[in-house]
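Here chain A shows up in two complexes: once beside chain B, once beside chain C.
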Partner chain A sequence: MCNNIKIDGEAVEFVQGDTILQAAERAGKGHLIPRYCYHPGLPIAGTCRMCTVEVEKMPKLMTACSTIATDGMVVNTKSERVLKSRAGVMEFLLTNHPLDCPVCDKAGECELQDNNYRYGPVTSSFLEEKRVYSKAATKKLSPNITLNMNRCVHCERCVRFTEEVVKSCDLMMINRGWHKELTLSDEKLGLTSNYQGCLSDICPVGAHTFNDFRFKKRSWFLEQYPSVCDRCSKGCNISVHSENGVVYRFKPHYNEKVNGHWICDEGRLSYHQVMDATRIVKPLLAHEGSLKSTSWELAGAAVNYLITSASKVKVVIGTDATNEEMKYIQASLPDKFGKKFEFSSYCGYGEDKKLDHMLMMKDKTPNSNGASACKLNHLDGDLVGDCDVAILIRYGRSGVPQVKNCKKIIIIGVWTQKEIGSFGTNVEVVLPGLATTEKSGTYINCDGVSQNFSPAIAHLGEGLAVNSIISFFKK
Partner chain B sequence: MATKTVNVSKPYTWSEKIYLLAIVQGLLITLKHFINGFFLRKHNTIMYPEVRREYSDRFRGAHFISIDRNKTENCTACYLCQTVCPAECITIVAGERESAHNPDGVKKEKQPVKFDIDALRCCFCGFCEEACPKDAIKLSGKYEMAITSREEAKYDLVYLKREVKGRG
Partner chain C sequence: MMEEKILTKHINTLNCHTLDFYLANGGYNSLKKAFEIGSDAIIEEVKKSNLRGRGGAGFPTGMKWSFMPKNPVDAKGNPKPKYLVCNADEGEPGTFKDRLIMSKNPHSLIEGMVIAAKAVGACRGYIYIRGEFFKEARILQSAIDDARKKGFLGKDILGSKMDFELFVYRGAGAYICGEESALLNSLEGKRGEPRLKPPFPAQVGAFGMPTCVNNVETFAVVPYILEHGGPKFASLGTEKSGGTRLFCVSGQVERPGIYELSMRTTLRELIDIAGGVRGGKKLKAVIPGGASAPMLTATEIDIPMCFDAMMKAGTMAGSGGAIVMSEDVCIVEATSILLRFYEHESCGQCSQCREGSHWLARMFVRIEAGKGTHKDLEMIERICSNMAGQTICAFADAVTGPVLSAVRKFRSEFEDHVRQRRCPQKIASRTIDAMEIDRGRAHV
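Take a look at the complex of A and B:
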């Protein structure tokens, strides 16, 4: 049997059980139907009435998000009745919307703004005073989320998200009609889930704003590039929002196989580590008891001297390196200096397991599975020792191993001042590398999904990719 | 295709060559200005700074940010002026206003922590004034903007918030 519906005169195939909106999305015609309460990651509510379309042989306009598509349906999304209905819905939504777009962080990516430009009435026939929630005008729901109830359009996406997706049931609507208000289920507890940032993502207006991004930047300045989150072994897909090489936020990027529509707050805030002011971005060389910044050539020559004069070198690669980096290091170092290397990987978070029913994992490094795929054995205990030179390669996510009975340490990758300080005066050379958002490569996540990514931002310091770093170690 | 060059300049005539007529014409103009200035007292210059010219109300001079009755700036750091500025001379850093200094509540919760205008880059087009949704940034009638160092050309929030009557 052929499953076909007609949308604006064009035949569209659908899967049994699809609603009209889902069928339109599947055919790439989703932009024809505006919506507020519908979100692909949430159960269907059908409350906003924005997605109404005209279906032949049905007397009234139907909500596209909740009407099941049946074979032979003829749908019209542009008829005069539909446009009039949309303009009416928009006018009703705007009666109480404060229109404080200059202050609102959502401006520029706001669905209310977009839909009003496309379908809204130019004028409003509402002359009375707007409703103002004096108590919830700006209310901190948690350290992460601020609620501005005046902007809310009562789509209840956030309520359904806490009930059905994270199952924390933190939010609920009280009262009815004009007085309808979003509140916390428990004022004392506040928001309890680890996925609070998603509330500001799914909110079609600026009612929920993420405090970390609040007032930082207007959305239209930001460039968006896809990347992979390296905060845990799940490897959620993200889009990196940056301007001039400075990251302002991470947002989830839809991937059905890995993270769906969501990412956790820990991953969302992990960009701070990439942008850390104490991160070392210049090559350093030990000189008279302290580390001084130097040129790549001098640092490379120092490494060359250290390795050639040593008889046993231990290389510890953090499980936050990409597959390509692990393979390259294992192949190129013996190629240059002969067989004196002993390679191992280091994670620092123990056995991996799920921390909740959604995405969070205990292993906070992105590529533990990749390390075993590259035939790297995990370091025994947390100790590196009994060697002439230890080379520690790490990209900001894996734990810092302890070093014993080794006076010469070469450090490569993404490190902060504090992390290097733990080795005292044993550090000889520090060679800055590129973080996940700055490089390309492949990670294998906890479920065995191999994901490759490209650079999302340009590195502002002098850090280099690992193959360029090793090219300075002349034979 | 070969290009054909045509000389269109004409040779001087005999009367033009001796310049006499042109010299007399020039002296007449000088004489006219001398009579106008010395005998009839008609001047084109003014005795600045004792005497000042009146400019139109639409004149676009030094910037200012309008303030409300509490002497709080009307600017809400929406970045629209920074976005529209063709010279890229405006730099804003936004922040949250402390609730203790904010009698207007949610309307003014966002404030500019830094608002710098580089007057040397500014081309006084007035786009910022047009873009501003709060009528905060305006160009005053002040035209005396001479400075002795580049640093003075950077108008900060303290300078921009000065009290300006009318259009200044």
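Take a look at the complex of A and C:
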């Protein structure tokens, strides 16, 4: 069956039930139709009237977001009437907008700015006083989200998000007409969902801003690279926003199979671990009772000595390592030092299960399924012991196992000073590795989806990929 | 004038709202007839009567009923119930006819609804009554209780095996809830905001079920149509708009009130019947069909008050509420008052309507205070053209209709306001001082 509509003279295929806007998006022509209230992850509202297009044989302009596409429809997105209507909507929306772009965090990625640049009037003819919501100019809806009602364009994406997606029903509109106002359903409770950051993502203007990012960086300085969130076994796709190797925020990256359009706040804030000030980013060597920073060559030589002189070495790999790392470690260590190794994996969060109806999982490590795929058995009883040397490899997400009856510990990966402190003076060598956003590899998520990723930022310390680290262990 | 009266025949009699009085005057006979002839014949009769929706849009009622699906089923193949909703949220400024029907003749409404329920196959009816009509809601409720006791409502009505329950639901005072889909939202307990159409209420209405929404007056004349036949009712009106209609006349006339007249009656006749312009003054303008209808000037009133003729004259018959303005009225002030109403009542979901009604209202306050510019008049035209026909419901058209007609037909008054920097018709008692402007602002 051939389902075609014509958008600006070009035939576009659509799936039965698509609206004009969805058909356009499917064909990569979504940019032709501006929108505010429409969001692919939310139910259709059709209220902003920005997406109106001219459809042949229909007397009125139709909203592309809500008009069902039918075979043979001829759609014009650039006619004079359409442009006039868009300019009209822009003018209306801007009448009461404070135009505080210089201090607004959304500036640079604001749909109101973008659309006004493309379609809006150059000047304003609004001579009246602007509407001011004095009480809601900067209102903290929760520790994560700040609302500036004056910037709101009343698209109600956020209301529909809390009602239909996270189903927490935290937000609602009160009052009518031009002083319609967004409020919390329960002022005392505030926002209750674990997906509050998404409110800031879906807000087309700067009404909802994420407190963690507020006043940190202008969005146009940020480079964006895709990666995978390693905060739980779901493996949500993210886009890492950074400048000069410093991560400023994570944003969700659409993936229909994994996370759709959303990520949880825990994952969103997990970039702090990569940027943690106490993270160890230089090789350390035990010297006179404390760990001193050293060179890779010396650290490698120390490891070489420790392993060669040992007869039994236990290697514990956290389930936050990539498949490639797990395989490489299992292959290369026996290759260099002979069969004295005993490999196991460690997660530290117990049986995995869903924590809510959306994305969050109980297992807070990204690759438990990968560890089983790499034939690693889980460590028995959270305890490493009865060996000469223990090698603990972990990338900041899995739990820290306990070590007993072993005086020499080699630490590899992403660790903070506090985590290492728990082993006391038994740590001989610390070799810093790369976090998920800094390396490439593959994770297998809780649903068995294998996801490959590339580095999103450059590592700022002296940490190295695991193959480079092992290359220093000369035999 | 000895015209046939349908709804207002007995309104001057004591206790005309009681069931006993209604039964004594042939009440509920049409219902018996309806059960005899069956649903298709009822719809056929209503189609023949040329009855058009009395709420304002003038949609042919018989056609609306025939759009209701015969045997709707849900996704699993289970039959869906159908609902009947009576729109008694009479909020249009200048209209007060439904209130009279509900307080003086509630049983004709109930009978009409049961007949309609039989015609469309509805099992449940809701009367969404305006929140302010407290007394009417009480009268209606007791009328429903009486009718249920006599077996005109409830299970197995008059031995016909048809069940029909009727409920009164009081609104919370929003003008927009008179729009049928907003009414349905409000009935469901949601925000009273119009829904996207399609799907129309006949497919997805109250609680997701097929629903038929009609005005109070529309339902109330149905018993007459069944009793006397469609053609008789049609003959009372014009070719395409059948029957008589309740016209509400307000403003500067000698005898404001409700007049039941044929649809053939012209606007001039209506004003004359209402006693002419008060104090022998000259007529300046008339809003013919409730506040949303564009204004007519004194020279344009020789047209019948039926839907088509009004449409031809560039206005609308609407809800039949004529607001008469004499030469004393300042059109700028009158429009400004209207706009402040609309600014307050826009539901606020569509961008154009929410911001545009506010902008216009503020602009008119400014012009009224003598601070307008000549550019403002062009601006009004531009704002209106950006609003009209671009929103989910017809509210934006209701805002722009009177405004555009006022600006176009009474342009000189606006220009006088701008040129003289004050209202030329300023009368001491109606001084528009800064205080009043501030009060207007505080009001909205």
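Assume the second predicted complex is superposed on the first by the 474 of 475 C-alpha atoms of A that agree within 3 Å, B and C clash if a C-alpha of one lies under 4 Å from a C-alpha of the other, contacts with A are read in each partner's own complex, and residues count from 1 in each chain.
The definition used in the following text is that a contact is a pair of C-beta atoms (placed from the backbone, for glycine too) under 8 Å apart; a residue touches a chain by one contact, two chains touch by 3 or more.
As the structure is a prediction and not an experimental result, all values here were calculated from the model.
Colleague: Scan A:137 for contacts with chain B and chain C and give back first, second, both or neither.
Modeller: Once the two structures are laid over each other on A, A:137 reaches chain B alone.
Colleague: In the overlaid three-chain picture, which partner chain does A:334 touch, first (chain B) or second (chain C), both, or neither?
Modeller: neither
Colleague: Output check: A:177 vs chain B and chain C. Expected answer is one of first, second, both, neither. What do you get?
Modeller: second
Colleague: Mind working out whether A:190 is in touch with chain B, chain C, both or neither, as first, second, both or neither?
Modeller: neither
Colleague: Give one of first, second, both or neither to describe whether A:96 is in contact with chain B, with chain C, with both, or with none.
Modeller: So A:96 only meets chain C here.
Colleague: Which partner does A:220 contact after superposing on A: first (chain B), second (chain C), both, neither?
Modeller: Touch partner of A:220: chain B, not chain C.
Colleague: Please identify the positions on chain A that touch both chain B and chain C, taking each partner from its own complex.
Modeller: Looking at chain A, the two contact sets are disjoint.
Colleague: Which residues of chain C touch chain A in the complex?
Modeller: 174, 176, 191, 196, 343-352, 354-359, 362-363, 366, 375, 379, 385-387, 389-392, 444
Colleague: What residues on chain A touch chain C, complex-wise?
Modeller: It is residues 36, 44-50, 52, 60-61, 63, 66, 84-85, 88-89, 91-93, 95-96, 125-129, 131, 153-154, 156, 173, 175-180 of chain A that touch chain C.
Colleague: In their complex, what parts of chain B are in touch with chain A?
Modeller: Per the stated touch rule, the residues are 76-80, 83, 94-96, 105-107, 109-110, 133-134.
Colleague: Within the complex, which stretch of chain A touches chain B?
Modeller: 98, 100-103, 107, 137-138, 148, 150, 214-216, 218, 220-221
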